[in-house]
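Two complexes, one shared chain (chain A), two partners (chain B, chain C).
Then we have the complex of A and B:
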């Protein structure tokens, strides 16, 4: 029986990116490597968009067997509308981030190494897509490792002492997380004897029904969660993030903050939904821990951002806070909460890269100064960058008609169902909104206030930045103004998972 | 509909364009723009029918429509803005960045127009945030480090208020997002009172309701005088307007009258009134003293609204209008004194009337209105609010009346000695050599206009009262209270 042609898209996307990565080794010049990476990401984004539309209209979720090896021995990919949308988010995000950060990459990275940088970017994108599509838990682990290594390389691409130190810190902490995840996978395999997610789900349902292995299951759920929490910078495992993201080149910061952190969370949610089922997770109290850490992370991230003077590190602390929003949504334990968390994933993937790319451009026009004090007036030299940075800041603060408002509204709605958590969640949203305003608004004011630091030489226009950041801006406004189709898609996709 | 849209969009576009204007032409352009905005607002207030409607995301709708209360506020806001523009153009300060100040003033006016014309809670919330965002650069124009700090405090409190309002919006549910309806939208009472309290506190932040009142004094003190005047007059009025909308047109008197939420809010308003007046007594910096009095006197309007009686409502509306005019005038007066003599502290201002007699007399008359001396408008407003408190009845009503009277007396104690010392400095006062006057007609004229306005409001209080009574009857649907 012939498969519908679009069912090949998941595998094709991952494979294209990996082949492109290998082909990078043939590219001598950074520019050719960039063009290849950008084109391939954009192609994968287009394919993912087609797949999303096809699966959403048909409301189907299919499983793609690799080779002719049937379950439970073979490897599988599973794709529904939600996975396809997330794949689109990842590939489009990478493509636009590479475009917007190209001038910085050309300056920051040594010429012979640029093709390796784009190789790592392609591998990283392939790994993120694989984490979204995979139906096998050990494949998930393998791609977690691949993404960790490529993520470390793209941090290190900018060859300074600080980034190398930051990379080593990131590597060690990240591998700790992966190690814990692996122990969880191994224990799960020992208990159930399966690696494919559907089979694991059935087996775990049997075990829960008979009441055997309750402590090991709790430990497994806990290990998987902690492993992912370490890698996605949830409180208290966030100390590595500001220096890794703050020091890297613009494309790297954008991809790391906006996309990489989320790929692990998506895998975790998939495992919790399909392997454990959400009721079991709730009974194991993992949701309580996610909620608590999420709320604290929201507040601590913003608090540290207020005192931060370096603009990219301030944005990195803001990412810590936004990841807290995601985990708070997941920790509410309801479908509505998870849907709100996924909406935040999409919104943050559009907003944070836009902020980083605009910040990168503003740093460039102001003579590579990075502190907010010396960046005063930078927006006057490149008004588009200033406007888009302001747009991102207003979205983070939660101005209605922008995407950030829908996120806050959605999280608040989701928390209403659970009376115990409602007041904590609402209070945390109130405090975190005020804290966000207290560092984003002064930054915006500083960027627009004319000052003696403004560089007098007229800066050449950077069309790549303009196209990339405007595209992100369009997504931010789109997600703010027409949220219902996306929310509908997310809820349908989640329904297909259970 | 076109008039409504034009009255909202014109100030916004004009304000954005002002940033590109050359300094030398900024004054003239601003005055022309201000007159046009006033004309548009008055035309919209008189002739606008129909609404502007936009639908977003399947859930949120933006609705702009003018009802009677909004028409009054439209005229008030545009008139006060024009007077502020005249004042700034005559003041001779802020030379290098005047175009920026004008620009943000117009942007704020546009956002305020949109806020008054908001037809449902979501639109009101959006405009509330926009007003906060667009008005805090006005505070920054004070230019000092303390102004920056005051602006950050302003943002912090404003966004706390906004976030509280958002929480209230979520708790109140989907029904609260329907267009404003007289008598309230029928909402289930389970968490509605808590939601109402959150809204009242959130929108009341702009009106200086305790506990979110601490932003007003630093912001009014550190910003340029015209900005302080507008903060104390029009923007505080926007906060009170928000409380009014939420109380009467979203939750409705049936739900709130007699409940614990009403008692809490009246208590908070009385506390604010007393606190503001007491703190004003000892404050020596004149702008800060006026700011504390603003906190106190805006709460009078809130007390009036929270009693849910006809007299209280009339008093509340009248107090918004009269207080906005009187306080704006008093701030202009403080600015005039500073410009003419350089004095900012009250204890320096003995005998100031010798140098500026006309201005000082106008300031005294405006102070009479603020305190509540007949025949000025403030007296009528206070009288109605007091009647409303009595009609509210019980210990609460008596305590509220006592708080009102006490606050009025304390405000008198804060303002009258200033006037007395300025006009009658005493035998031991040594006069300085009279310097040539520095303030021109552009500083003096707004004071005249405002003084005439409060006098007119007072003498023609019946007119104002009838208007307010008409609004009230529409809202409550013929309740006699």
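Then we have the complex of A and C:
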């Protein structure tokens, strides 16, 4: 039987990225590896865009059986409009981050190691797509580990003692997280005897209906949640993040902070929606913990960012608070809240890489200074980087017409349904908006203030930076201005998950 | 009391696996010596493999390889957990190799494998 052509796209995307990665081993020059990595991730982004349109117009979700082994034995991928959109955002984000960080990568990484850096980027993207598409929890675990290894290698690509120390911290914490996730998966298998998500869902529905295995299921849901929370730097597991994301080369920081953290969350939400169903998760009280940690994370992340002087570490702490927004949305335990969380995933995937790339460029034009104090006036040396950093900062604060506003609006309106959580959620949103403004505005003002630190030498223009950061900027404005089709897509996609 | 012991004995593998998981987890988190951290990670992952293998084993059946043309499923143990263990071992071997390579790098640079000491040295270097 012939499949409709677009059903081959999920597997083809993952496979293309992995093959491209292997080919890079044969390349001696970093530049050719960069071109290959960029082309392949852009191709995958284009394919995913086509898939998104095809599935959204047909309102369809399909299952792709690997190697023609039928369920419950084979391995499967599943793709609906939401997965396709997320895959598009991930591959596009990687392509643009690679482009924008290319000149930094060429300076930061030893020449013979550059092709390995791009190899790891390709494997990391493949892992993120696999986590988004997979329909098998053990495959999910394997790709979590693959993404851990490749993420650690792109952190240590700069090869200074400091980044290796950061990598070890990152690796240890990640291993703790994936260990908990693994034992959760194994327990789930032992209770149900299945690994594929649809079959698991059926079995769990039976168990819940008969009221058996309630405690083990609570433990499994808790283990899966804590495993993912550790890996996506939810409060209180965020201590490793600023050093790993703040010390790495520009493209690594952008990809790690903007994209990789989210891929685990997507797997978790898929498990909670399709395996347990959202009602069961609510009755197991896991959403309460998500909500509480999310709210605290929003505030603590911003608080730490206020006190941070190093610009990239400040952005990294801001990611902690943004992950808090996602978990707060999930913790509301309603479809609206989850939809707002997914919107936040998309928005943050565009905004944070833009901020990191602009910051990287500003650091470059200011003679590699990284403290906010020494960066004063940097925006005047490269106005485009300054404007885009300002745009990202305003979106993070939540200025209307920019993407961040829609997220805060969505979260606030989702919280209105739930009377117990409404006041906490609204209060947290207000306080965190104020806190966001408290560190982003001074940073922006400092960047535009003329000072003696400005490097008077004319910097060569970097068209790669200009193209990539402007593209991210376009996404931020687009997601802020025309949000309705995207929200509709997310809601339809979520409806297909149950 | 007798019941308690019979339960413990019939679940001995699972109990051992959970105890080992705890030991591995705590040591991976708190151990200062990096080599011991790696060993702890291996203990943690092996405990999960023990748990899986114990769950897949069915008393009185044989390994899932066809002998004497016997095709009935009732002869053999469940092969899927063994497959999962194999995949898990591959993952944990590659993670250990990567971890060891990192530790070797740090040892060359700082001359110690005590992570607290390395952190203090790295902080001093930054200042």
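Going forward, the second predicted complex is superposed on the first by the 498 of 498 C-alpha atoms of A that agree within 3 Å, B and C clash if a C-alpha of one lies under 4 Å from a C-alpha of the other, contacts with A are read in each partner's own complex, and residues count from 1 in each chain.
Heads up, the rule we're going with is that a contact is a pair of C-beta atoms (placed from the backbone, for glycine too) under 8 Å apart; a residue touches a chain by one contact, two chains touch by 3 or more.
The structure displayed is predicted, hence computed values, not measured ones.
Q: Per the contact definition in the header, classify A:71: touching chain B only (first), chain C only (second), both, or neither.
A: Neither: A:71 stays clear of chain B and chain C.
Q: Under the stated touch criterion, which partner chain does A:167 make contact with: chain B (first), chain C (second), both, or neither?
A: It touches chain C, and chain B stays clear.
Q: Which holds for A:433: it touches chain B only (first), chain C only (second), both, or neither?
A: Only chain B is touched by A:433; chain C is not.
Q: Scan A:176 for contacts with chain B and chain C and give back first, second, both or neither.
A: second
Q: Let me test your reading of the model: by the given contact rule, A:409 touches which partner, first (chain B), second (chain C), both or neither?
A: A:409 contacts chain B only, not chain C.
Q: State whether A:63 touches chain B only (first), chain C only (second), both chains, or neither.
A: neither
Q: Figure out whether A:417 sits in contact with chain B (first) or chain C (second), or with both, or with neither.
A: The answer is neither, since A:417 touches no partner chain.
Q: Okay, in this complex, where on chain A does chain C touch?
A: 138, 142, 145, 148-149, 152-153, 156, 161-162, 164-165, 167-168, 171-172, 175-176, 179-180, 182-183, 186, 189-190, 195
Q: Looking at the complex, which residues from chain B come into contact with chain A?
A: Per the stated touch rule, the residues are 56-60, 122, 125-126, 129-130, 133, 136-137, 140, 152, 155-156, 159-160, 162-164, 166-167, 170-171.
Q: Residue numbers of chain A touching chain B in their complex, please.
A: Chain A residues touching chain B: 394, 397-401, 406, 408-409, 412-413, 416, 426, 429-431, 433-434, 437-438, 441-442, 445, 480-484.
Q: Where on chain C does chain A make contact in their complex?
A: Interface residues on the chain C side: 21, 24-25, 28-29, 34, 37, 41, 44-45, 48, 51-52, 55, 80-81, 84, 87-88, 91, 94-95, 98-99, 102-103, 105-106, 109-110, 115, 118-119, 122, 125-126.
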